[in-house]
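Think of it as A, B and C in the order they're written, each chain with its own count starting at 1.
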């Protein structure tokens, strides 16, 4: 037997302050309120730092700072804005190890993922949009497209720094200034990013970071001085935001929930399909809006695929997110864990069969084993509701048309997966799947050049690529 | 004469049935396979696990010399190294085998007598395989007669790529029979047959999977990536696909086949990546020299240097290890 | 000799390619800009709106998967048919808007030309809005546009023909299907346009036209969970806010009313098409 010895990444590289203020107008300022909350390491429940929960007055101050900065920032030649953003990209590359450790500590995701996926994509995203800043006239939105003004941005906890990059990079490239609110459970990398803005000599007020929870977010979204709202998170909150901007001129983009079907045909490259299924739902503990949470497998290979999947899941390594060999880290919060448990129990109650590999669970922290439900019907809650955890619901189908019908039978439409070695079938399926991203013979791939976003209740607008500029230009 | 495993008894009844079977195997997506191998390559094997892995890797090495300039002297020196890789440290395990050309088998057998290190010989018009079946069989028989315990044969890649799977199949079965040597009639076990697919010439991962199954169905004891004479030689993804093949073959037949990546494995880091690949693909059952080998020459010294670094805490230097 | 008594047209709704009366049995008197009685138009109810959405949904799979070439041909056919009824539309526009016959003629010509313009976009908008994305890895990555689905439209109260054509054409040319609430004040050209649509090879249900009160019907469409988008071009400020709030329930794509008065004779640009297009990005590995 070959046991891998613990291989923990060192946390010495990060320097977490005991408490953080708000980053407004290029300075660290204290909140005008008294509301401070602790952010913890979900793998150990250890307190990492205390952060302020910004009040309406704090948000107002941040929006004013962004408004003031907008005048000069939007007037800068695009080539100058570009150089600031390139600088930011480089600093992120230089500090990527530190940022990866910080992300893992605050979020609970495995260091392998924050190191090999999150951070490279974060740097790449800034690098990509930096290049657009002086080429906006070629983007197909008119010869001299104008920025919108102040962007209010609210991001989730699943990819804290990556979602920040998706929001801030295109906003700055287009000449907007931003007020960004990170998620309440994962503020630390956004606060580190504030320091990066200072290292880059970014003009004060171009980027403002206000920490807090839902009320802070609402204050930001509803602030009359905000010209653009960008939100990534739950469909429920997205709905509220869409309602709240009604009657304003605020431009809105939303990247919301999903319940993606990952469709495996009998002629698929099965070993890679199994990897794709695993990556689709167990990447980032399943805290992924585009996760392939519904496996639709053709009946003729269902047993074979499930056997292979279960064998493969038995090799997954759950545990300390800082261990370089960990595949499944901690669930981000107690609240999220409770939600995953609740839905999983509903799955059992509704008659689906639950399976997890033998998997020791650490004593402290928030954990949920990789879980597979078989015998799932379309009507089960676990086949309809977004679980946002490492829980896969397996359904079967007989024909391509049935697969499409089941895949599309959801109010969501963010992503989908297709596994078949037959090219024309891929294109036939891709045509019919009502989803913004279709991964064929791969899954959960991301790139700054590739537009990302959903159909239907998964939101609107695209992030990434030329398309991603539109959200931040007056077009 | 056929050694085809029972569930697949009919598979090789004609080239058409063989082709239908091999082309009915699930395809391999190259990018996905590459990504999986690369991910496993990021496993961090440290401290006790590393020490364990280094000794395991040493014990799996097929220490190889396959040069036109090989001499009995060179082979004897290599054999000495195989038995005692580090003369200053008796706790270092011996390697699994030495691998030489047929004409040097007798030399190696004498040098290794009683050591437990096996003698493997390449055969069948190695490395190109471009000769008549008679020559290939004779080549094999000579090596076996000289005392080789293991035969590393090459498949006819030309026949494989032209779709003549039955020819490849039959060659393997005939060579397998020749591995039995004269002793099989007396109930002795024949030489183990390693079938070299020369994956660097097979062009696609689909072909690697098909060639693996073809070799296993025809009676291979081991499937081996490469001769070492063609680039690319062993790679992680190719080995991954072969490990999937032996895993699936056991599930369907109960027979356990070994895997040997050969060529291009030079560092401890490389070797450990292969062990991780075995561990997380075929499973821990394959983590034994009986079922997994590393065909290499310079790798051994790097393993020894890393081993010494683990023991002493100092980085080692090449001058302190023999070059045989 | 007495003057011949004209045979008047009955103006009904246009749903699923058919011309039903409102299920409610209601109608309302439509007058010219001078106040003369013109006709009784059907006053659509929420149930008519529901039926129209069902018809639009039913038409969506076929229409959205028709080739772009085919959709362009059909839009061009609509232009041909409209041209053929030029005199009738001129008369209706004169009645509705109180403009001179010359001005009305210009507006009808512009409507025909607009249809021709959009017809040409059918197989080009995808090339303009799609992209091949150079991702950093061995993947083929292509973004294409697809129609949003069923789109509700509050048509502009002014410009009963040109405005109406200018909101319908960009929706249907890209493969959406729509339910249009016509100008409440001047609905008659919309039903005549429906007659053109019905005889132009446009599949039934692709465009559905309701006459009546936008204030009454539009909120039902805005809140309808099987409607994917709403164009509020013709909604007044209060109605627009109400509809946008209702549209949030299933996250409809919303095109808000313009801030400034729209010049329907100006180059429309591509915005009305892109407002109801979804970008789909497909990835596939590249390997042998």
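Throughout what follows, contacts are C-beta pairs under 8 Å (C-beta built on N, C-alpha and C of every residue); 3 or more make two chains touch, one makes a residue touch a chain.
It should be emphasised that the depicted structure is a prediction, and the values quoted were computed from it without experimental measurement.
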| Furthest chain, CA centroid comparison against subunit B | C
| field | Pair of chains joined by the greatest number of C-beta pairs in contact | value | A-C
| said: Taking the mean of the CA coordinates per chain, how far is subunit B from subunit C in Å? | reply: 70
| query | Taking each chain's centre as the mean position of its Cα atoms, how many Å separate subunit A from subunit C? | reply | 37
| Measuring from the mean C-alpha position of subunit A to the mean C-alpha position of subunit B, what distance in angstrom results? | 44
| message | Which positions in subunit A are in touch with at least two other chains? | response | 441-442
| So which bits of subunit C are touching at least two other chains? | 137, 139, 285
| What are the residue numbers in subunit B that touch two or more other chains? | 29, 31-32
| request: Please name which positions on subunit C make contact with subunit B in the complex. | output: 137-139, 285-288
| query | Which residues of subunit B touch subunit A in the complex? | reply | 26-29, 31-33, 35-36, 42-50, 52-53, 56, 241, 244, 275-276, 279-280, 284, 287
| field | Footprint of subunit B on subunit A - complex, ascending | value | 1-7, 112, 116, 267-272, 275-276, 315, 324-325, 421, 441-442
| field | Touching residues (chain side subunit C, partner subunit A) in the complex | value | 65, 128-129, 131, 133-137, 139, 141, 143, 148-149, 228, 237, 240-241, 244-245, 247-251, 253, 256, 259, 271, 278-285
| Mind pulling up the subunit A residues that touch subunit C in the complex? | 124, 140, 235, 238-240, 242-243, 245-247, 249, 254, 256, 411, 426, 430-431, 435-442, 445, 447, 449-453, 455-457, 459-460, 462, 465-467, 475
